[in-house]
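Two complexes follow with chain A in common, the first pairing it with chain B and the second with chain C.
The block that comes next holds the complex of A and B.
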């Protein structure tokens, strides 16, 4: 196992290197220019100012030298400075990441609990109307765009019923309270969770159906164990193994989905920051965000594989 | 293939049970899948709407009418009008052209790249395989929505760039699928037999391996089209996809983001949103039916 992890980490190094090249290349092709956006043409001596600012930001160097400089910073763990605000990208990410992680983790928990429960029920009631309804809802869940669902939720639960706030993470101006925070997270987390819930449900259903027909399940039933015990101890524990993989692989999807959800609900996380950086052509922030998201994907893939081997002793990585 | 599937089941099937071909069996399984048949009908209707949009529209979709701004649905405007008096029904109808064409073109691009890279990688194996799979890993390492947004913002918003971005960035799934199948098929005896009678690698690939992956690729491409439509809608919603005045379901939702429109004029955003969901749902149903029909062994 240890050698496997080391080998996987070593493989990630060239991949990460390739990723930095791709990101830098893409960002350097960005049209428009942060400097032109910062300095108006009306300013006296605009041309000189633009030149000066370019020099300060290192934008006048040849592209490979720019990449070298950026890479040098990266190796020291620095993601550079925002063109717009001048803040360090590390700081921007550090202050905004917790909000996104909070949203993602609540959504993930909701999706796992709901998805697995519904999936098990669906499998136990295979080919009944319950199963058909859940299957249909599952398809609907992966087909409705997150942003439309978000708008429907805001319309129904905030504007019509007035049950939840339309946006933000806490009530502006009010002292922080956990309850207030939770009150704000319900709608965005639900909007983000729906498609994952549907996916987890489908995989759980398939996996439970496969495990259910095994001999040891029949033995457990024959011994006279009650249904609940058989379901939780014998079926579910084995059926969850492939589902864990799906959960691990859905972290990047949640991460990508949070961009749009954060925009709709004005959730102050890094997704919202990313969209603002894209509109503002703030390439250091964009590069930092994309690089971080790629790292998260690689890490979650590795963790998923490790968890898979740990949960299922039949799997050996050597 | 799809044209075959849409034809009504001919009576010839019943006479020739003995020699029923695989395609016939697949077609029968597909036709029995009720949700898939529903999806097929719905998708056909939407494609027809897209093709015949100029005949179905009731007003030119981009014509402003300042005397009829923000009207609720009525006999004159079936789905009401938007804040500049454009007829929502006509815009929804024309927007189906965008979704259908972006979906089809994007998935064609990604399937082409995916099959090409996957089959080269799987058949060649060794160093070529290693290199191609590392490239695939790199593309896969980005959350798809994040990289699509980034590249779309670099290329600038337009319908063609939207097709290109989605197509060029979503092939790794297909590539891996095809590679895996190629790896397992190339060790089988029919390939050995072909090689022993002197078939060239290209012949083996084309005559013996491709037919075996067509089913899997068709299923993957169907789900891919559903995803491409969702991604186009998301990009247009963010203002990075199809640009005004061309209507797309995604940018119609974008125009309705303010709370006052959200609450006061639900007809502006409910219908486009439901259309996205219906289009994607129909295609997903078709994909599910195709999977049952073409790949009965798979559990999901």
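The block that comes next holds the complex of A and C.
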């Protein structure tokens, strides 16, 4: 197992390097650059000023030199400074990461709890009206686009009923309170959770159905164990293997955030930061985000594989 | 099993109750906590500071200040850090007497050193501020830019409270039109920062010390900026306690937050209340809506005069005759906006005898035939306002033009892409708007020979007239020159003039002073801080 982990870690380095090279070059192909993006179309700017600004930001160097500069900075542990605001990219990401983590973990926890529970119930009561209802709701949840759901929730619960705020993470300017934060998180977390709940529910249901009919389950029931114990200890533990994979693969999203939901709810997270950076051609911020994202995907894939090995003793890595 | 189900049910009910209860406590908190607090919408990406961005101008009305800011009535400037100014030679030299006893928010005294430092910083090529061009007329500007000098020769300190500015020529309106963009920054905090690293200083986001009615207290990235009352403000202690600038990335979120009372004042940069939302906003009883605020923003068809098929004036005139502007305004734009037939929105700059270009497709076809227009030609047409009303407007324009044989192919681009098209010579035609509200002289930036946005249009008489108009300081003397320019633009149609936009705005009735001041603005003033007596605004 140890050699396996070390091997995986070593392979990650060239993968990360390759990803940064590809993204840097693709991003540079976008029309315009940071200085041009900052020029308002409604007021003219002098040519020499634009040239000066581009020079200051290093945008007039050939593309491989710009990449080299970025890489050199990275090896010193620095992610650079935003072209748009001058803030350090480390600070920009660090201040926004907690907000995204909060939102995504709440959504994920809700989705896991609801999804697994409903999936198990659905499987145990297969072909009853309960099963059919949950299946229908499941398909609906997977099919409805997140942004549409988000907007409908804002319209219904915020604008019409006035039960929840329209946007933001906390009431601006007021002292922080957990209740206020929770109040703001309900709608966006719900919008995010619904499609994931449906996915987890479907996977759990399928997996439980498969496991349910195995001999060892029949043996357990024959032994006289009560239903609850059979379900949790015998069925669920085996059924969870594919579900853990799915959950593990959705971990990167915890950090990447949902750009669309963060936009709709003005949630001050990484997703919103990223979309602003792309529109503003803010290269250091884009690269910072990409690097972080890629690292997390690789790390969570590795963690998932390890968890897999722990859950299922049949799986061995060499 | 039954017990377990009961436990789940009770837990679920408890959670629901807590969530339902939260709104009650949440809103109770806000109605108590908002007396004395003005909550204003602020746009994302505007934190860099006045040297690099204009969208953060609202902060320059409360935190940083200039020598004199333009008044909200559009008439003249309000003396702020400068108490008075005079010119001994009709406008070539300006002596500013600074206000005495003014302190920066950290207690240090404001002096002439700060003013000299600020002007030099703006002009410094190492700082690379796009607004350096506002100081073009100061003596020594070019030498400084070219590296031949270390500072502006024309800016000098006479004593601790007096600054002398020497210009390269007579500019009677230099104070009213040029220095209004410059914010004074503290030398004692920024003087030691290397100019090329100035933008990266934490001063801009953590402790923007200024001299204004409100001082910087907190900045939470992508959430809000908080400023608190400066009791020692030189125009009097402000009535409000705090202003919260809540950061939004897009307009619909701002309008939603306004409708539910989460914010009180919106900003007009980036678009006011979208025309399609005006009815909905008017139904909210706690809001005062101003649906017809003149934005001072003429919208027009932009032509590239480098393209041979657009060089004939008859073609350009035909395009305007071909479009039923009244109908577009009445339907797509829901009655907002006024037809315009020339560049300047200000009434005093327009003569009475402009050609109205009434909708006449027959005449358009005639003109096109006389000019030899090839109706199989496709014209690339770019635009960047992405809201539905503007998209529909472009669609309507396309339909009207194709009815007379002009085939435009519209493309929606974002600012970075548009700049690329401008620069690589492929630009043909587009739909744009340009802020002219403050003064007709601003038109020179986009219509003088050689300016980028004139797209090779050049009329020497127009350039002459602009210079003549700036040599006078009294409106009555300047008006005839601008009226002549208006007539030329009306006849030559170097842009296809369409209409003057409105930016509808809404304000919470809680804020006494907001709607009142905005409704007194003859047109919105973009890109410069506007003095609108914010120290007198109250938040009930």
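Brief remarks follow.
Keep this in mind: the second predicted complex is superposed on the first by the 303 of 318 C-alpha atoms of A that agree within 3 Å, B and C clash if a C-alpha of one lies under 4 Å from a C-alpha of the other, contacts with A are read in each partner's own complex, and residues count from 1 in each chain.
Basically, a residue touches a chain if its C-beta (ideal position, glycine included) is under 8 Å from a C-beta of that chain, and two chains touch if they have at least 3 such contacts.
Computed from a predicted model, the values in this text were never measured in an experiment.
In the superposition on chain A, A:159 makes contact with both chain B and chain C. With both complexes superposed, C is the one of chain B and chain C in contact with more chain A residues. Once chain A of one complex is fitted onto chain A of the other, the partner contacts of A:56 are limited to chain C, with no touch recorded for chain B.
Of the two partner chains placed by the overlay, only chain C lies in contact with A:180; chain B stays clear of it.
When both complexes are overlaid on chain A, the residue A:276 reaches chain C alone and has no touch with chain B.
Residue contacts after overlaying the shared chain place A:26 against chain B, while chain C stays out of touching range. Touch criterion met: A:263 reaches chain B and chain C at once.
In the superposed model, A:15 lies in contact with chain B only, and not with chain C.
Once the two complexes are overlaid on the shared chain, A:168 sits against chain C while remaining clear of chain B. Looking at chain A, you'll find residues 30-31, 154, 159, 166, 263-264, 275 touch chain B in one structure and chain C in the other. On the side of chain A, the complex with chain B involves touching residues 14-15, 18-19, 22, 26-27, 29-31, 136, 139-140, 142-148, 151-152, 154-155, 159-160, 166, 202-203, 206, 209-210, 252-253, 255-257, 259-260, 263-264, 274-275, 278, 286, 289-290, 293-294, 296-298. Chain B meets chain A in the complex at residues 35, 134-135, 137-138, 140-147, 149-151, 153-154, 156, 226, 230, 233-234, 237-238, 240, 253, 256-257, 259, 262-263, 266, 269-270, 273, 276-277, 280-281, 284-285, 288, 299-300. For chain C in complex with chain A, the touching residues are 1, 4, 19-20, 22-23, 25-26, 29-30, 33, 37, 39, 44-45, 47-48, 52-55, 125-126, 128-130, 132-133, 145, 196, 199-201, 204-205, 220-224, 226, 242, 244, 246-250, 253, 256-257, 259-260, 262, 297, 384, 414-420, 432-435, 445-446, 451-453, 526-527.
Per the touch definition, chain A reaches chain C in the complex via residues 30-33, 36-50, 52-53, 55-56, 81, 84-88, 92, 95-96, 154, 158-159, 162-174, 177, 179-180, 182-183, 186, 227-228, 263-264, 266, 268-269, 272-273, 275-276, 279-281.
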